[in-house]
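Which chain is which? They are A, B, C and D, in the order written, and residues in each are numbered from 1.
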Amino acid sequence: MSVDLSVKVSAIRLRNPVLVASGTFGYGEEYADHIDVRKLGGIVTKSISLHPRPGNPPPRIAETPCGMLNAIGLANVGVHRFIEEKLPFLRSLDVPIIVNIACSTVSEYAEVAAILSECDGLAGIEINISCPNVEREGMAFGSDPSTAHTVVAAVRQATHLPVIAKLTPNVTDIVTIAQSVVDAGADAISLINTLVGMSIDINSRRPKLANITGGLSGPAIRPVALALVWKIVRLGTVPVIGVGGITTTEDALEFFIAGATAIQIGTGNFVDPRTPLRIIEELKTFLEEEGLESISELIGSLTIEP
Amino acid sequence: MPIHTCHILSHERLSGDVYRLKFVSEPICRGAQPGQFVHIRADVQSDPLLPRPFSIHDIDREVMGVEILFQVVGSGTRILSSKRKGESIEVLGPLGRGFGVDHERRISVLVAGGIGLAPFPFLIKRLRESGHSVFVLAGWKTVEEIVGLERIESSGASVDVATEDGRRGSCGTVTKLLNTRLRAGDFGSESEIGLYACGPGAMLATVAHMARQYNVPCQVSLEERMACGVGACYGCAVLAADRENACPEYKLVCKDGPVFDMNEVCLK
Amino acid sequence: MSVDLSVKVSAIRLRNPVLVASGTFGYGEEYADHIDVRKLGGIVTKSISLHPRPGNPPPRIAETPCGMLNAIGLANVGVHRFIEEKLPFLRSLDVPIIVNIACSTVSEYAEVAAILSECDGLAGIEINISCPNVEREGMAFGSDPSTAHTVVAAVRQATHLPVIAKLTPNVTDIVTIAQSVVDAGADAISLINTLVGMSIDINSRRPKLANITGGLSGPAIRPVALALVWKIVRLGTVPVIGVGGITTTEDALEFFIAGATAIQIGTGNFVDPRTPLRIIEELKTFLEEEGLESISELIGSLTIEP
Amino acid sequence: MPIHTCHILSHERLSGDVYRLKFVSEPICRGAQPGQFVHIRADVQSDPLLPRPFSIHDIDREVMGVEILFQVVGSGTRILSSKRKGESIEVLGPLGRGFGVDHERRISVLVAGGIGLAPFPFLIKRLRESGHSVFVLAGWKTVEEIVGLERIESSGASVDVATEDGRRGSCGTVTKLLNTRLRAGDFGSESEIGLYACGPGAMLATVAHMARQYNVPCQVSLEERMACGVGACYGCAVLAADRENACPEYKLVCKDGPVFDMNEVCLK
């Protein structure tokens, strides 16, 4: 008998717990020539907003030690073109599709969620609450428990789909934020989004990103992601999806052992597009070798007493 | 094409910091178009983390070999330069949109600035197969930097060199040389000419400017920092043409390019 | 004429702007056999508390991608043994000595500062406000503007020495914290202390650190440090000392260009004890090559317009 | 001693995952004591970031060579294993407190578990120079893992092997072998014996237990994760003896050790 990799993230059933992270896998089609995307546990789309967004001027990316900075600026086709142009392909894959949404006002979040609710074949909505709130001096929605609550509650009201709140690590107290999004009706929490970072070209004495600062991702941030995932898992409220710096099966195992129900691969796709599929295969081998029948036996198996 | 592990057939240092590396890849050999690129990780190390993009320099069907010509500029290229024959590298590709062969214009003029020469041997092969006459104008700052020219010279293209130190070929930039040649009508009738350019951004902008002046079409190969290489991350954006004052619109170098018609993008 | 590397961090004059960071250079003597410590711009001591502290149980360190986690637990000899056993050697070096202090109550901070003020030959006090506040559920003093203010004000009152407040990056809004420590009388700000991180041994399914979580340092965190330094520099209040992931001269230059008046090398000492001295030498070469006469011409020279 | 760049004189794979590497360092050759360690960075790469500690295996004054014997267990040792003769490594050392040669006890019994054999060739040399008779008991799990024994055998020490699979020497652990030999009085008078042990923590605890039983002194070489290697970071702490129930007190493996008297530290 083969091992069971399936998990349930609230109402979302996944054949395996390895998803690809928002913004790193486009709309699924971009990698379709390169790997068998049908084998993924799920696809989280690039953040979608109400209207199309061109994104930031280049340069948009810079490499840093064991990581990268990006300031894409949430470039996306907007929810209407997404549904017309991108969703049919995604739906054809028979893989759970989670649409990530990112907006600049609360009502836009609700509107996009409502529009998506009309579509067939979506597994859930992931709310990127790390975006700047234009109504509050550009402060990220996710950096304050009450604005985070407002956004999640508005989306929750607008849709019957499972709602995942994606948290930003750039906060003093992630526990309060997590509690407030759960209170607002989030079915699951994913974390972490990128850390704020910066890099300077010493020859031109200019920032390496046109946007000056950007989001740090990749293996460099994995310890930060793991610490926050573990903190939220311990609340024992909703399932947690771990994201941040996962490029190998060992990395993925750290998150499962810490208690993540599923994981997302972001920058790891750029490093090697085979990363998620390789992790899926190697997870099976690991479980077999450990004599475990299902991934759920591994999830949360961290021993912390000496 | 999935990313695959490729065996290194040969690796030589051509000059101070320029190397030519040949690896085996049947799928790339069969599927590649001139102007496309490959995304290479020298190793499975995690620093540097991301693959590095290189134009396909040439292909050798007999041994299913793919060549790149590259210059060491930072840690990724330094590590790549240390790889030896017999070792392997991780390669994703062929990627992007290559040069289109303009069958209406059978006089092809290729303009290269420095390491911008990299994609031309493969392109020349294809152009010659299509019966084009090919002129290559290649420029370098100093004579010491000149590299990779034999391959071009033996390809049946006629070659003209410009150096800014004036110690070989014409003195000055390659764009100055291009201007002289176009003005003199050295290549033939303007209505027959198609321009193909690869090199630094400023050079490409100047070449495009001349192309407009002489009313010849021009394809340019651009570079931008890349992460995914496949159009998934939106990292490698360049401003689309005529968008500077409107709401900006971007093209992706890895997917919409790296080769663009000069009128598609904003060059500067 | 040779280039001028000297800087003034408030009232602290440094012959060169390259210091070694607290906790990574012991009490100076440990590295004295290995490098010429007299050439350093300054030495920041291991955090000193009122009473000796044994520190945390091992394992205390773990390596992560381009970084490391530590949970030393502020092991130190206490202020009295520091003055008797460690200070004489430090004083003999003729290098500016900055004593870093870390306590668990506000009054302890004030007491340690007062005791140190009685000593000759100190250049300043750096306040580590990342420590858990035992009076407020172990929340770090530095994660809240008002407790940060209280600690800094107490130390300010207790000493005539220049006071540097060392900020933690694990906060939502570092600007408010910075403003409050400046209001409380800090003469300069150093940042960043470590990020909270975690790592798990997948074979034993235990945290790699006995303390479970630890502080992430090293090149991995450099982009985060640089972004925060730049943010605080722009306030234009007090001089900023940049710390975080600096291992090369290029790294150091990024911080100076962003506006740091001085830098500290932490984990970089472990990677190679020659790091700070090499950076000092190479800074001279860089300035010469750029045709600059002094480091101050470089500091804050970032161009941000396109 | 400052960190210095050292040329690799030789590098051989002795078995599946164990290598012996020899590099030139006059200062280490001149200054080192048996049981001290060196802190090595295989490269100037930043991943892995920190140097890795290795016991000094042996020194060769004729060529000013220093040897380490190491097992590949992770990325640091893997990268070290890929270094070739003629390349160089960065070395900080000699570091720490080595074995003390006990001149009152001239029968030295060295107990090694697996790669714990590493520091013994150098120690045997020193003990033999001081006129000691040296017995080495070395244990491995399986016969396939046995490595580095010829060096010991040719050093003038008498060697006894234990394997847990029983396919060479006595069957069982090396501590069982030690117990048998001590009980039989094979080494000579207990009042003449000094024990020196290096290997896994559990083995060291058992050896120390026996040493107490037979009332012989025992030095143990410990391992702990290290950052600085010089006592500056407080990273490599081990619990001091008899402190388990009192306020804990720690020793630093890099500065107070790696060799400790068994009574200084808490072994388990």
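In this section, a residue touches a chain if its C-beta (ideal position, glycine included) is under 8 Å from a C-beta of that chain, and two chains touch if they have at least 3 such contacts.
What you see is a predicted model; the values in this text were computed from it and never measured.
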Subunit C and subunit B - chains in contact with each: A, D
Path length in steps (a step moves to a chain that is touched) from subunit A to subunit C: 1
Between A-D and A-B, the pair with more C-beta contacts: A-B
CA centroid of subunit B to CA centroid of subunit D, Å: 56
For subunit C paired with subunit D, centre-to-centre distance based on mean C-alpha positions, whole Å: 36
Inter-centroid spacing, subunit D versus subunit A (mean Cα positions, whole Å): 47
Set of subunit D residues in contact with two or more other chains: 46-47
Overlap residues in subunit A, where contacts from two or more other chains coincide: 57, 65-67, 218-219
Graph class of chain-chain contacts, one of line, ring, star, complete, other: complete
Subunit D-touching residues of subunit B, taken from the complex the two chains share: 45-47
Subunit C residues within the subunit B interface of the complex: 65-66
Subunit C-facing residues of subunit D, complex: 1-3, 41, 46-51, 90, 92, 224-239, 247-250, 255
Of subunit A, residues touching subunit B in the complex: 23-26, 30-31, 33-35, 46, 54-63, 65-68, 70, 72, 75, 218-219, 247, 267, 269-274
Residues of subunit A that touch subunit C when the two form their complex: 57, 64-67, 69, 143-144, 170-173, 195-200, 202, 204-207, 210, 212-213, 216, 218-224, 226-227, 230, 245, 250, 253-254, 257-258, 301-304, 306
